[in-house]
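Each of the two complexes below includes chain A, the first together with chain B, the second together with chain C.
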Partner chain A sequence: MTVLNEDVPIGTPPPPAGPTVVGPAGETARAADREARGRRRGKNQRFPRADRLAPYVLVAPAVLIIAGLRLYPLALGVNFSFTGDGDRNGQNVGLDNYAALFDDPLFRESMGNVGLLVLLLPVAVAVPGALATFVYLRVPGHRVYRSVYFFPAVLSPVIIGAIFNLLLAFDGPANTVLGTVGLGPVDWLGDPDVAMFAVVGVHIWATFGMGLVVFLAGFATLDTSLIDAARVDGASLPLVVRHVIVPGLARTIQFVVVTTMIGMLTSMFGLLYVMTGGGPEGSTYLPEYYIWFQQGQMSRPALASAASTVLFAVMLVVGMLQLAILRRSGRED
Partner chain B sequence: MAPLRAGRWLAAIPMAALAIATVYPLLFTANVAMKTRHEYVLDRFAPAEGLRWDAFVTAWTSADMGRYLLNSVIVVTGAVALLLLAGSMAGFALSRLRFRGSRVLYLGCLAALFIPFQVIMVPLARTMGQAGLIDTYPGLILAYTAQFLPFTVFLMTGYYSGIPAEIVDAARIDGNSLYGVYGRIMLPLGRPALLSVGILDALFCWNDVLIALLMMPSAEHRTLMVGVTSLRGQYSADIPTFAGGVLIAAVPVLVLYLFFQRQIASGVTAGSTKG
Partner chain C sequence: MKRRALWSTALIAPLALYGCGSAAAPDSSPGGGDGTLVVWDWKSGDATAESYIEAARADFAEQHPDVEVEFVAQPFDQYYNLLGTAIQSGEGPDVMLFNGGGQLRDRTDALLPLEDYLAEDTERLAGWEAFSDGGHVYAAPVTLQGHPLYYNKALYEQAGLDPEAPAATWEEFLADCARIEEATGATCFAMGNKEGYGIQFFLSGLGPGVLTPEEYDAWIAGDRDWTSPGVKQVFEMWVEAETAGLNNDGVNSTAMFNDEFALFDSGEAAHVIGLMSDVGHWKEFGEFIGAENVGVMPAPVASAGAVPVMPYDGGIGYGVAEWTEDPELAADLVRSLTSTAALEAFYADAGAIAADTTIDASGAGPATAAIVAQLPTGRPALHVALSAETLELMGRLSQQLLSGSVTVDDALAQLAESDQ
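And now, the complex of A and B:
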């Protein structure tokens, strides 16, 4: 959400095209603008009409695609979730889909798993954070780690899922290793109590490099003299982290928390599809997988739309909560 | 200082272990792909007896990976071209031109950044179906463009904001129209950002499976990643060939990573420190 902040300048330089003031254009500003434009049209030959149209022509393709294929479907989908499936196609059914949704054990399972993801979020943020700290402090070999850690993040979840299908197979290498130390075997992807943790673990393995790179970019903006001063004063590493590094990285941490959460809620489909197919016993369902299943396999698009709306609401709530918490803790520091 | 230095070496051990854990799964898969089925069953870890390419050849020919690869190349090329064109035009206008409604349009693009595909996939599939675009290349290209355009516009707007306004003014005084300024000045100046965004967009499109599954249902239109998902069922008894097919799909991305790691990282971190 940091992207919404003030630093991105929009239209900062005054181009010669006109005195139009963009921004909180009140009615008066608009009237003045119209007036100015009217005057210009008569007298000023240097700025032909084509130039006033040009900005709109330039933004048109992007705006049309985004409005038509992202914003409009969002509204359409919310609307659609109040209509029926099958025989009742197109009819208004009120909240029936939502009632059906929360009656469905599969959907409840998927929401439970969302809760699990939220609980595991601190781990998914702390791991790249700690590793980035070590890389920043020039642990031996730090140059190599950055490239190595980041590389699974560019692989498709489908490829990662396929590789881990081999590694985590019941007769696969993971259990062979466990067996040599006298443990297991664990049915990683076949045990309902284990499968979700296995999939989330693989997801974290595949994406921690992303968070690491973002943390390192944040470290690059830190004032090194502060850290040096703290060290000269004899501060231990935990103290330096607590009082110098964490406050200095508040914004980066916020960014990683939000993007990691969004990643967990929306980019695990490939892993689920390849590794478990939602099973065993529906234990690895997530809302995104449920939506796909109801839409594609069960031909219940209206029910799927209701699930989409719930997922969107969950993401909004989780996002806002996180921002609120982070902002408060940021103020205390 | 002394405890810190000791701590560094202490930290290096788990970090090296993790680095191995990061690379090992891929090396393991490569090793499996070089084995015969017999070798794999006997010992999963032992190094393959020699460099055998049979698994790759089988996966390429009998699993139709070539066809899937071509589909992916067509779709990714089309989508990235469209993304860069529409994204740079909008980025230029939103950062360097003043016009009524520009702020609203920019905020609209940003808002779209936070709409996940899963939330709009049902109505989008329906709209695409009504337009006759399901199971066509243009349909998938358009779906990818819509998915990654907000991100592209955001990055290009940020990049062009850093280009001095005087350059635009000077070009105008030299008699360029705004389209001329875009084509002759902004497009060439935007090359570093276009490269970075383009590679990232290409990765996103290449790696996707959900949108492709939804938009391209028929077997002959499968993208490479959808093709990989069907390998498992096809070669459940022939693990080396399965591993070979997975690696074929991974190679283009690995090559891209080796050459453009810096650009990929800079795209991923955009918006985290400034903006």
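And now, the complex of A and C:
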């Protein structure tokens, strides 16, 4: 490794190794870096042109793929959102699509539902967290639960949606159970105040297995002597959870928050499509469903493009906020 | 963090500028060349449509033996999404299947006017209105689709009613429903409005019993007065059906396809506003409750002056893409796909009321006979005249009407605005 690094002339200095690179390899990289800089100062002209171009050639495939298959289509999509639909196909209509978008109660509803998802995020994180805690604390049958909890994660949203369509039907088993305990039937998927919560609940049920696995991995790194010490000191279970387990799992919780958020915002389409179709009364629209609906059902692709652009901007902001939070808490550690 | 933000800005800014500057018109390029015609549909993969496709192929091969026809069966769920993408890129199939009405009218830009090529078929086929827009014909009808009011004769008998003499007026109809519910426990209507389709069928199925012929014609012609007493009455009946307990429970969470029809199939509901072709129709109902028990009745008259008619339109039909290389060739294929021999096969195997008026359909049970008998006086269905946008809004508002979160007047005002 060392021999190679020193023998191969380097046209431009390699990027500075990040703080994550530690140990001997990092040291070597830094040494090579210093070496390269030192050499470049005096002997730059000596390098053949091919060697100076080599790094660019080497990164070219990656850059071209990103530029050609990601950024260019993105630019086309954004550009397309400034054109019209139907009779005005291909004409520049300025910001008309965006005006139409924010004028559409359906789109506002879908953005409101994004906010609702963010509010429900703590629940989606707490469910796998609490269940993982029980498994970790070896409640009776914890081995069975560990595998059973993961089962739904391997089912496709379409199958899950179909199952819950049956379970949550007005004359379905869920209402029958409610009836036996004397509670009135709930129109799970037909009541606009309930439907979104029903779908999110099913989504959490279907995906919490992944979070659970991550939590269990986090628990594996916990120092059991701390828990034993707390117990010896007479701490109750809630106190152990609050003062020992949660602080010890801070990084894990952050990771689950980020991945759950991404999952909720990007992979609800299948469930919505199968369970509610955006209804009742448009109460379960999410932006991606709205985009699909405008493009395919209403044949307004330019309007759908505008909605995509707005969703992209929202996701960019949310993603950067999450990165910022993760980085800050990483520093605190 | 700062550097990342800078990068993002550097990437986004040109995109925004790019967007403001240019708006390129999509250019079109030919679809299938090389003596091949590509057809998109969602039917040719069905076993029941096999004989139909065979007959159409044979008819076409007789005229153009050297041209190959390729049928691409798309999943119906995604059909208009895929078609929209093809239209956007200006290349795709030469001939494509459409549902009549809004789905076709929203896409006439991409279609070739066919009236000159199909002149000879005008008399033989029925249901052209659903495939016409602005004086041009954009597709040739294959099947007829309509919304007969079906009833279960067995339930009528159990309730002591004469199954051959269903109610002629709305009051009698309500009285019959009350008797049936008392005697059999079956609800009056099987109704599913999860997708917002329930109101469309209700409007088209029962509207003819409310609107006068003049109002009906004006509505179809595009002169729609949403606040007229007749239209208001239809929507009030929609609410009344729910509040008076005529519907099954959980209408807004019951899917029309196929939970609603399943209620009628199982005898839990006495009436359903169904379809003529494909699904939710006489053939399907007959398989469950017996063909002899499937009745078809005209809409009960709810308002003086109304003359009930069978609401029907062209159901599905084939159109030609404007980018096709040889329009005449593609139009010939459309003619083969709507030839009498092909449509006869479709009617016999797929259980559809075919668009060809020369086919004898009286041998398939009393319901079919009743439907076919009413075809000559039939009129286009009320909801088919509406745009996809208005239909979507009507679906949402109809759910709100059932849950009581909007009034009839308010809903009609919103619909009038959308239908401008």
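Note that the second predicted complex is superposed on the first by the 246 of 333 C-alpha atoms of A that agree within 3 Å, B and C clash if a C-alpha of one lies under 4 Å from a C-alpha of the other, contacts with A are read in each partner's own complex, and residues count from 1 in each chain.
Throughout what follows, a residue touches a chain if its C-beta (ideal position, glycine included) is under 8 Å from a C-beta of that chain, and two chains touch if they have at least 3 such contacts.
All of these numbers come straight from a predicted model, not from anything done at the bench.
Visitor: Between chain B (first) and chain C (second), which, if any, makes contact with A:P301: first, second, both or neither?
Guide: Touch partners of A:P301: chain B and chain C.
Visitor: Quick one: is A:L74 in contact with chain B, with chain C, with both, or with neither? Answer first, second, both or neither.
Guide: In the superposition, A:L74 contacts both chain B and chain C.
Visitor: In the superposed arrangement, does chain B or chain C reach more residues of chain A?
Guide: Looking at chain A, the partner in contact with more of its residues is B.
Visitor: For A:W292, using the defined touch cut-off, is the partner it touches chain B, chain C, both, or neither? Pick first, second, both or neither.
Guide: both
Visitor: For A:E281, select first, second, both or neither according to whether it touches chain B, chain C, the two together, or no partner.
Guide: Once the two structures are laid over each other on A, A:E281 reaches chain C alone.
Visitor: Which holds for A:A324: it touches chain B only (first), chain C only (second), both, or neither?
Guide: second
Visitor: Looking at the overlay, does A:R231 come into contact with chain B only (first), chain C only (second), both, or neither?
Guide: The first partner, chain B, only.
Visitor: Using the superposition on chain A described above, determine whether A:L189 touches chain B (first), chain C (second), both, or neither.
Guide: A:L189 sits against chain C, while chain B stays out of touch.
Visitor: Going by the contact definition given at the top, which residues of chain A touch chain B in one complex and chain C in the other?
Guide: Looking at chain A, the two contact sets intersect at 71, 74, 292, 295-296, 301.
Visitor: Could you please specify the touching residues of chain A with respect to chain B in the complex?
Guide: 2-5, 7-18, 20-23, 25, 33, 50-52, 54-59, 61-63, 65-74, 76-77, 80, 131, 134, 137-141, 144-145, 147-159, 162-167, 172-173, 176, 205, 209-210, 213-214, 217-218, 220-221, 231, 236-237, 251-252, 255-256, 262, 265-266, 269-270, 273-274, 287-288, 291-292, 295-296, 301, 304-305, 308-309, 311-312, 315, 319
Visitor: Going by the contact rule set out above, which residues of chain C touch chain A in the complex?
Guide: Chain C residues touching chain A: 1, 4-5, 8, 11, 14-16, 18-20, 22-26, 78, 80-81, 84, 87-88, 106-107, 109, 194-196, 249-254, 259, 388-389, 392, 395-396, 399-400, 403, 405.
Visitor: Could you please specify the touching residues of chain B with respect to chain A in the complex?
Guide: It comes out as residues 1, 3-4, 7-9, 11-12, 15-16, 18-19, 21-23, 25-26, 28-29, 32, 44-45, 85-87, 89-90, 92-100, 102-103, 105-106, 108-127, 142-143, 145-147, 149-150, 153-154, 157-158, 161, 164-166, 168-169, 172, 177-179, 182, 203, 206-210, 213-214, 225, 228-229, 231-232, 239, 242-243, 246, 249-250, 253-254, 256-257, 261, 264-265, 268-269, 271-275.
Visitor: Flag every residue of chain A that touches chain C in the complex, lowest number first.
Guide: 71, 74-75, 78-79, 81-83, 86-87, 89-94, 106, 168-171, 185, 187-192, 276-277, 279-282, 292, 295-299, 301, 316, 320, 323-324, 327
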